[in-house]
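Across the two complexes that follow, chain A remains constant while its partner is chain B and subsequently chain C.
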Partner chain A sequence: MSRFEESAPARGGFSFDLCKRNEMLVQKGLKPSSYLKTGTTIVGLVFQDGVILGADTRATEGPIVADKNCEKIHYMAPNIYCCGAGTAADTEAVTDMVSSQLKLHRFHTGRESRVVTALTLLKSHLFSYQGHVSAALVLGGVDVTGPHLHTIYPHGSTDTLPFATMGSGSLAAMAIFESKYREGLTRDEGVKLVAEAICSGIFNDLGSGSNVDVCVITKGKREYLRNYMLPNPRTYVSEKGYSFSKKTEVLLTKITPLRELVEVIEGGDAMEE
Partner chain B sequence: MGDSQYSFSLTTFSPSGKLVQIEHALTAVGSGQTSLGIKAANGVVIATEKKLPSILVDEISVQKTQILTPNIGVVYSGMGPDSRVLVRKSRKQAEQYYRLYKEPIPVTQLVRETATVMQEFTQSGGVRPFGVSLLVAGYDDKGPQLYQVDPSGSYFSWKASAMGKNVSNAKTFLEKRYTEEMELDDAVHTAILTLKEGFEGQISGKNIEIGVIGSDRIFKVLSPSEVEDYLQEAE
Partner chain C sequence: MPKQQANWSPYDNNGGTCVAIAGADYCVIAADTRMSTGYSILTRDYSKIIQLADKSVMASSGFQADVRALQKVLAARHLIYQHQHNKQMSCPAMAQLLSNTLYFKRFFPYYAFNVLGGLDSEGKGCVFTYDAVGSYERVGYSAQGSGATLITPFLDNQLKSPSPLLLPAKDAVTPLSEIEAIDLVKTCFASATERDIYTGDKVEMLVLNANGIRREVMELRKD
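Here is the complex of A and B:
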């Protein structure tokens, strides 16, 4: 039947047509645009009662800071959170989508979501897009089987680790973890170590900066500590204020209300639909 | 819907202008177990009989009252398997709405989408109408709401409604007992008394199901022990 020959995009989803075109252009000698480094430091570690995730809050567009205080720790389920590095749109969309799927799954099964479920949904999605969805994730949570921490790479491979770092600041953060991590950390020790690792990324990597976000997940409870540390406050505020040179004349100051004050009549006729 | 050889609809008009398949579907609903809903001033209660085919059936595994979103629940009368399909579709639609608009779906919207699905099955090739009527109870910014959706796809907002085997007696009972200022607890008692009216056998926490949603906007199915407490208060 002829309708089976229609192209896939009619039903939504990724169209790989342009990727073929790009490959053809590269073969003809066109230099592809260089990859923008993913400016982020995201970390996670397992402590005695659960999992702690940490992230910096700088979003970059090449050399420019696009967002000084963005949220990189995404909600997946009440007991599962996910840090995202890479293209911000990809990490947001992917975590949003899997969070939706987990919610429906919870309704259908009547049970708490498991970290491995989120892991499998994420990795199968990323694998099917063959690395074109540029999302590198640190997934952590606590479910009935215990605390879990995983890393997911854009091509769809995963690791299960007791401590993990991703993003351009991952080496700086990993240096801290490798020297100071040990099993059975308490909550305060764990949070301190995560904050230290993120700070290391913030101060030593250009792609990471601003503040530290921390999320502590334990059995039955999670604490989202937004802006746990603010090591980069804006200290420079000019006290003199602004003064205009004497040649500047202020001609007229007039405030024109755009709309007359509207009186709300109680019990008036409802608008017809 | 409607692939292979059946691209024509099985629901066709009769000479008198009726869709006989939908009438039959309503008959199927009318022979199902009684369920009812009452909208109180500060919440909604929906309840249903849960008569199992044999004492050997494990009643904990059967749940007729289902949650669609944290603030919307549903109960049915008629064919259980058909209701499962609708519940699944409705949950997905509610989630898609949330993904698109980042706000929880209003009750009327979810009811409309479910009703649209039910209507599609009366006008597509190779499918039959659903053999269930649904009672959807929800609490959103417009307050507590109760809707009934029929196999034809029509839906109505009700202050109190009943469906299934004992519908006429139950509705008469509700008409007498319903007041606009009713609180949620009174509504639960009234619901229990209404179910008791046409109940064959001994009513208990194990053979009825009650779902409530109050001003906290969280839909909850009461546990058998909670139902027992209400039963004792209602006597």
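Here is the complex of A and C:
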């Protein structure tokens, strides 16, 4: 009787059945999963006509640069884009999934998607995975209710802000925003400030680097400026170039002829079943 | 209360890469000038190279506090040698001294990854490569530090003989000219900077030959 009761969670709310087991595991030496701020600088700000998102383009695997020019600004809807920091697979998967859900919702309702819809879908997904989906996002867009900018943390909490930064380079970028941001920036001033914040992350944070991507979203229009700035050209290219000769040596040549002719005998032994 | 583990480490890694190549009558020693900790840059303009004797130059990556302490010990020992023997230490002698100094702290090592370069008594280039506790070997070229795993395969391809099994092992020094070796070093650092986050800013190159020492600096990516 008591076994049957344990399996069903209490009406609504959390089931704390596993807490004792988790405690036992921690005592045995299992390290609880921690929140890792991995190499990236992503930013967003609200200006007079909409929102501007920015991101660097470096993807790292520990101390090695895996991709020098990856895309961190993901499409969610024609009027909503999302920058992603954290585990690349997680940010890709979660933004693709919510983007599909938004499209279906647009067919269902016949209306343009709203930023708060994307926000709710993302935060409830991340919360249900209790922080194991390591995606830290900056979500921005313009809909019928106006321009919106939100940050979403891996555990599922959100903030609504006029300017935001995430990733390992967030402090370097936030330093620029806190000094120079003001309300009612024009498009050019906004793009310049976003590029400056990303550059600060690129040059001062080792986890961020390479180029600057910018996305400007206004009412009815969005401009995705891929590689808006390329402040890191390769510094040295050898003029004569390098040759990589084939390093193979013939050690031994031996020809073993295969059997010349194989005879097929008609009416041989029947095959066993 | 379960047993508490020490969560303070006496070491830190300040990153960086060092390379040295020996030629028939010259030696090139190079190191980048970036000093970092974690994901931050401490300074873009820190020299990891020191000239220990008139024909011995050492470059070290790793924990720069230990590197600085090691440099001081070696400089002091060299001064004593000069007083006692009335001459400069040769590069092979300095190599042995460095090995002994490192092994002396076998049970609390210097977190330093060194390459020693210079000219031997015959005027030929020599490069000695070390691990953190003093194991060393004379080689024709070497790379140490965070970018070493990126640079060494490229140097193996350009400088090593095609098949060490068939041909007898060639002379340790490379047949390349001084200009070609410097070009190779610049390419190594430009490439390592692309893929290693701890390497960048500038590369400092010292060239030792019969005429003395020459220093050259090249800009690298700063991101």
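Going forward, the second predicted complex is superposed on the first by the 208 of 273 C-alpha atoms of A that agree within 3 Å, B and C clash if a C-alpha of one lies under 4 Å from a C-alpha of the other, contacts with A are read in each partner's own complex, and residues count from 1 in each chain.
Here is the rule we go by: a residue touches a chain if its C-beta (ideal position, glycine included) is under 8 Å from a C-beta of that chain, and two chains touch if they have at least 3 such contacts.
No experiment lies behind these values; they were computed from the predicted model shown.
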Checklist entry - Is A:N69 touching the first partner chain B, the second partner chain C, both, or neither of them? => result neither
Next on the checklist: For the overlaid complexes, name the partner, chain B or chain C, with more touching residues on chain A.
Outcome noted: C
Checklist entry - So, A:N204: does it touch chain B (first), chain C (second), both, or neither? => result second
Checklist entry - In the superposed arrangement, which partner chain does A:Q130 touch: chain B (first), chain C (second), both, or neither? => result neither
Next on the checklist: Between chain B and chain C, whom does A:K103 touch in the aligned arrangement: first, second, both, or neither?
Outcome noted: first
Next on the checklist: Going by the contact rule set out above, which residues of chain A touch chain C in the complex?
Outcome noted: 27, 39, 58, 60, 63-65, 68, 168, 202-210, 231-232, 234-238, 240, 242, 244-245, 247, 249
Checklist entry - Which positions of chain C touch chain A when the two form their complex? => result 2, 36, 39-41, 146, 157-158, 162-163, 166, 183, 186-187, 189-190, 193-198, 218-223
Checklist outcome for this item: Listed in rising order, the residues of chain A that touch chain B in the complex are 96-97, 100, 103-104, 107-108
Checklist entry - Once bound in the complex, which stretches of chain B touch chain A? => result 67-68, 88, 91-92, 95-96, 98-99
